[in-house]
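Across the two complexes that follow, subunit A remains constant while its partner is subunit B and subsequently subunit C.
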Partner chain A sequence: MNSTVPQDASPAPLDAESEARADAVARGEADEPHSLVVRFGADRPLKLDAGVLLPDLKIAYQTYGELNAARSNAVLLCHALTGDQHAANINPITGKPGWWDTLVGPGKPIDTRRFFVISSNVLGGCMGTTGPSSVNPATGAPYGLAMPVVTIRDMVNAQAMLVDHLGIEKLFCVAGGSMGGMQVLQWAASYPERVFSALPLATGARHSAQNIAFHEVGRQAVMADPDWRGGRYLEEGVMPSRGLAVARMAAHITYMSDQALHRKFGRRLQNRAMPTFGFDADFQVESYLRHQGEAFVQRFDANSYLYVTRAMDYFDLAADYGGVLANAFRGSKTRFCVVSFTSDWLFPTDESRAIVHALNASGASVSFAEIESDKGHDAFLLEEPELFAITQGFLDAAARAVGLPPTKDA
Partner chain B sequence: MNSTVPQDASPAPLDAESEARADAVARGEADEPHSLVVRFGADRPLKLDAGVLLPDLKIAYQTYGELNAARSNAVLLCHALTGDQHAANINPITGKPGWWDTLVGPGKPIDTRRFFVISSNVLGGCMGTTGPSSVNPATGAPYGLAMPVVTIRDMVNAQAMLVDHLGIEKLFCVAGGSMGGMQVLQWAASYPERVFSALPLATGARHSAQNIAFHEVGRQAVMADPDWRGGRYLEEGVMPSRGLAVARMAAHITYMSDQALHRKFGRRLQNRAMPTFGFDADFQVESYLRHQGEAFVQRFDANSYLYVTRAMDYFDLAADYGGVLANAFRGSKTRFCVVSFTSDWLFPTDESRAIVHALNASGASVSFAEIESDKGHDAFLLEEPELFAITQGFLDAAARAVGLPPTKDA
Partner chain C sequence: MAISEPVLDEGAVRLTGGRVDLVVVAEMVAPGSRVLDVGSGGGELLDLLATTRQCDARGIELSREGVNAGVARGLAVVQGDADVDLAYYPDDAFDYVILSQTLQATRRPRWVLEQMLRIGRKAIISFPNFGHWRSRLDLLVNGHMPVTENMPIPWYDTPNIHFCTIRDFVELADLVDAKMEKAVALDSSGHRVRFNMPWWVWNLFGEQAVFLLTRKG
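Coming up: the complex of A and B.
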């Protein structure tokens, strides 16, 4: 920690049998993640939008594929609200495939035989990058609410330090959906010379009133749990699991479409022929939601939930550029591909259109696709052949433009 | 209570200065509401869909206008989830105008100079009609979860007992929105000969998976509050206010449209020039939502919230008629006017269209209007001139058909 030269730590050994997963998330992953880790010394603090310096920044990340000699084939993935660095490997906490296993891997649209793919946990997260469950070097105890509130730009500036550390001057592509898409836009705005191509999916250039409202409900659910203890639950040995589960349930509804919920569950009952006239999970959709809430608290930190939702709420890219979104991209040489999904009501297509209009107004190179899907906001994480084809085509064209061979071996 | 003849109690005196409003709701209004009350004796129990008998049914209600000699001018209003009998008078708890003050009153579309308007608190409610905060005659303590789960049909059957008690054979109109609209449809299905006209607004013939999901989030928020105490909070002298407030906040978002939230609040900050980089209510929409949650717990009982949401979840009118909605209305002579609002995403227009198609298939008389509005689901409670004109026109035509004079004095 005191070294002025960043050092990568080896991944901690993975004990697949661990039953204390919640504890592993709260303490183990935050302190010793199953990932590569880069630590920046106290003399290389991150200057945050909140106006304070964050010392001893730690970033947990994964890489897939190999960086070519020209260092020109790096793709940075930006994860969504509750994602993490485990985009394309088995998640050490859940034991499930990474969140973008659909899109990233050998022979997949983001082809790890061709690209060097970097995926880091965001600032404020709970999987090894500095966040509220990390140890505060000033006290030796977890930050809790002493962690400064971070923004999407802070997340991106931290990622830029990681990219510097990896010796990469220019990223071939920055890609992500939802909150990840916000980071993509912020990368393109903050570091236009370092982003050859950008793939923002299912996102917006600002968080809407309705989206802020849903986040506020989630935060209130967490903070209403007496076991939240003003954010000091780790020190007090408790977990605000019930509040966090309610927050996740509310959020999860917004990630799906009405149609998808109807298709998947309709009004079907859960393992019973008749309603019970009670408050059990009579309906499959209730049982499913409860499961989502329960599973989430096993892998996510409640305070991190407050911080990452807040970062999204604060995101308003135009506001940093005189209220004119096009100014954020003025003179940009980045190639953009903007994608939305018809049934996404959290980030409806209009939000993507606003980005496209701004990019057009700024003279940037942009293609846009609205994909017909009933899967709602989460479509960018799911089997969506049209998304795969668009991503593949966009990256192929960009790779040709930059002179990358079809695969790293070719 | 032991009388076999229903008796109307006088309204309790209203102490407008009362500060213990939450307590008044939890105990005062449930036991001694500021309303007319009819009590049915132990020998006239209500048979519930849950398969049990509910003894000592009490119904709290308000009336406006006068019943004509022919008893042909009665309009029954059915309230929505958290409404009550105070449709068109100052609410004794909140001190605010009744929930349908926009539409009901002298010279208004539901003209109390012309019609005898009845508005009762639903079964399972907390404003004087039997519900979980009422005294369980078997124990002398509040029912809590010992109250049987009730359905929309149970609510309607209770209302039919009230209408009988008032000596009204046939209602000129049954009107309501949202859960009130479900009651309207159930009235038309259960008692076709007793409903001359029906005005279901912003509703559906069944509760969708998404809507069940939102209700489940609300219930989980209530039940996650340690002060809920397994539903026994009244006996234990506490209130699950934080959980109920979170439930209300989540629900309230669904009552508004994305556009209305944007128009009303956008990303504007609350009494501050800059974000605070904290978890205060920086944004106006956060402050507004918190206020909605706090105000709600002053007037509503947490267990009632469980019961009325459950009643909506269970509503599936077609299921009671062999899965064919049209069968619910076969041979009906009732005149229907179905209304939806373009920005209502809780009960989108498709739900109303399904009702209209079923009514058409059953050969019933039906008119349908989709009103252009950005006010979302709650539009039926708000200033909507087109709704007023449609309601007025529909009732005028029905009144002419039934031979009612333009006003009760005419």
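Coming up: the complex of A and C.
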């Protein structure tokens, strides 16, 4: 997360030129991503929870490190709402380090010298995996709203096809935070025998009413933009950038905490000594949010935002198991490590505790730590030494249990 | 002291940082068992059970520091409150549920003990004996709540809110229908008070006690 305050943060609307450029980049990544891609033919459609078959599934992914001969050292990373497959490499659009560069890499807790790390763009995403900005094979035009609504389970089933494609029967670990954590829990529930260890961070077993409410605000902002055009903006050559930027601004507040906002910005003014008595970005926090919104629309597709937020809203793991979350993990041999952060008000510790209680009730092996941090929900993506120590300790113990040799020093 | 005998395994004592009671607890656990340590601290006992007893050992710990240290050591520890979270474990989930030096810090000792006997087939409890002669002397002669090497924190800061004596505990065990399988008392130098001594000797000379309980019937 970029925490610097831009010196010249303009309001959200983009000029026509940069809008066209953003459009081109976003569509470019959707069609021809800067990463590995696997295509499943029409003969191998993905059966979606919505009750339809999705043909011609395409999954964009990255890998780091090497798969060992026993194929026992694979770690699958699941990204959050607006993440992508570029977990630990320079992002081709933003030019910034990958979203989990803090945790993944040589000598880092998820050590790419030891593990074969897989990171894929989720179903419904916009970075190369099939989503609403992908071309609908039936029409030759972008899906738009013709794309069926997808669920967290659909995302996981698609990832399972990728893991099959890579010839991996059992994953050493599935790890992720927020929406990624939901996928981790879904993996453990859907494919217990394929997950040796699971690392769900800053997440919940269902999306709360408050979180659904925040998502609805974001979707309404997108759909209220006249350039959304009923979801057909790609065909009509426009971008609902203002709506999407507002959605991002609102969402970004929920990823931080009151303390973090206060620490970073307080009530400080942006490049001025006095308030202007107008509606410019007088405050640094306003300028920061506008910048976040503007940067976001350069890399993310508006319809994709509708789809992935919807997938999170629909997530309620217990509901698929008779309303009893423990039933989702009954008999599980997976080793779990659940982590929450004290200042996370999007997925507060109680959400993690509910997961832990269910795992206890199901008899599963579980570690659970609440980490003191003022960085809010985004803490799982940031520099958190305690998170690193816990992740490292958990993975080391799991690696010993599965018989993986210690890290080869480079 | 003539009425006590030394604990044998000195290597194990070192492994626990000098916690003799933990060695006594570990000796009561059958190898290869499933164990839940309630109030697992930094994970010393879990480590001891995993390495010397090959147990599937898990912990609950209230303090964030203790939990994070334990998980970073690769132990299965969850942050939680024994007074609340024991309710979420199913019946007979473990072979042993252990409460070492924690009973006196719980808000509901009786409830905790009942939960332990529900979750585990056996329960092991170690606690500081408030009936030890030095505690009695402190109160009698000095008129102060006792502060000893094992209980170094003064009354206004101590997390220990439910002190009891060995005799009190035996009564509680009876009240919750627990059967006493084994009992060990340790004197102030960490030696075992000989088992053939009468209860009043234990209650006077045992600074700590360790009990192995099962459900009656």
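The definition used in the following text is that the second predicted complex is superposed on the first by the 383 of 410 C-alpha atoms of A that agree within 3 Å, B and C clash if a C-alpha of one lies under 4 Å from a C-alpha of the other, contacts with A are read in each partner's own complex, and residues count from 1 in each chain.
Convention: contacts are C-beta pairs under 8 Å (C-beta built on N, C-alpha and C of every residue); 3 or more make two chains touch, one makes a residue touch a chain.
Everything numeric here is computed off the predicted structure, so don't read it as measured data.
J.: In this superposition, which partner touches a larger number of subunit A residues, subunit B or subunit C?
T.: B
J.: Examine A:Lys47 and indicate which partner it touches, taking first as subunit B and second as subunit C; both and neither are also allowed.
T.: In the superposition, A:Lys47 touches no partner, neither subunit B nor subunit C.
J.: Looking at A:Val149, would you say it contacts subunit B, subunit C, both, or neither? Reply first, second, both or neither.
T.: first
J.: Based on the superposed arrangement, let me know which partner A:His357 touches: subunit B (first), subunit C (second), both, or neither?
T.: second
J.: For A:Lys96, is the partner it touches subunit B (first), subunit C (second), both, or none of the two (neither)?
T.: neither
J.: Looking at the overlay, does A:Arg335 come into contact with subunit B only (first), subunit C only (second), both, or neither?
T.: second
J.: Considering only touches as defined above, state whether A:Val217 meets subunit B (first), subunit C (second), both or neither.
T.: first
J.: Once the structures are superposed on A, label A:Ala397 by its partner contacts, choosing first (subunit B), second (subunit C), both or neither.
T.: Touch partner of A:Ala397: subunit C, not subunit B.
J.: Would you sort A:Arg272 into first (subunit B), second (subunit C), both or neither based on which partner it touches?
T.: After superposition on chain A, A:Arg272 lies in contact with neither partner.
J.: What does subunit C use to touch subunit A in their complex?
T.: The touching residues are 56, 58, 64, 67-68, 70-80, 85, 88-90, 93.
J.: Okay, in this complex, where on subunit A does subunit C touch?
T.: 335, 337-338, 353, 356-357, 360-361, 363, 365-372, 386, 389-390, 392-394, 396-398, 400
J.: For the complex, which residues does subunit B have touching subunit A?
T.: 49-51, 145, 148-149, 206-210, 212-214, 216-217, 219-221, 223-226, 242-243, 245-246, 249-250, 253, 256, 258, 261-262, 264-267, 275, 277-279, 281-283, 285-286, 289-290, 293, 306, 310, 313-314, 316, 345, 348
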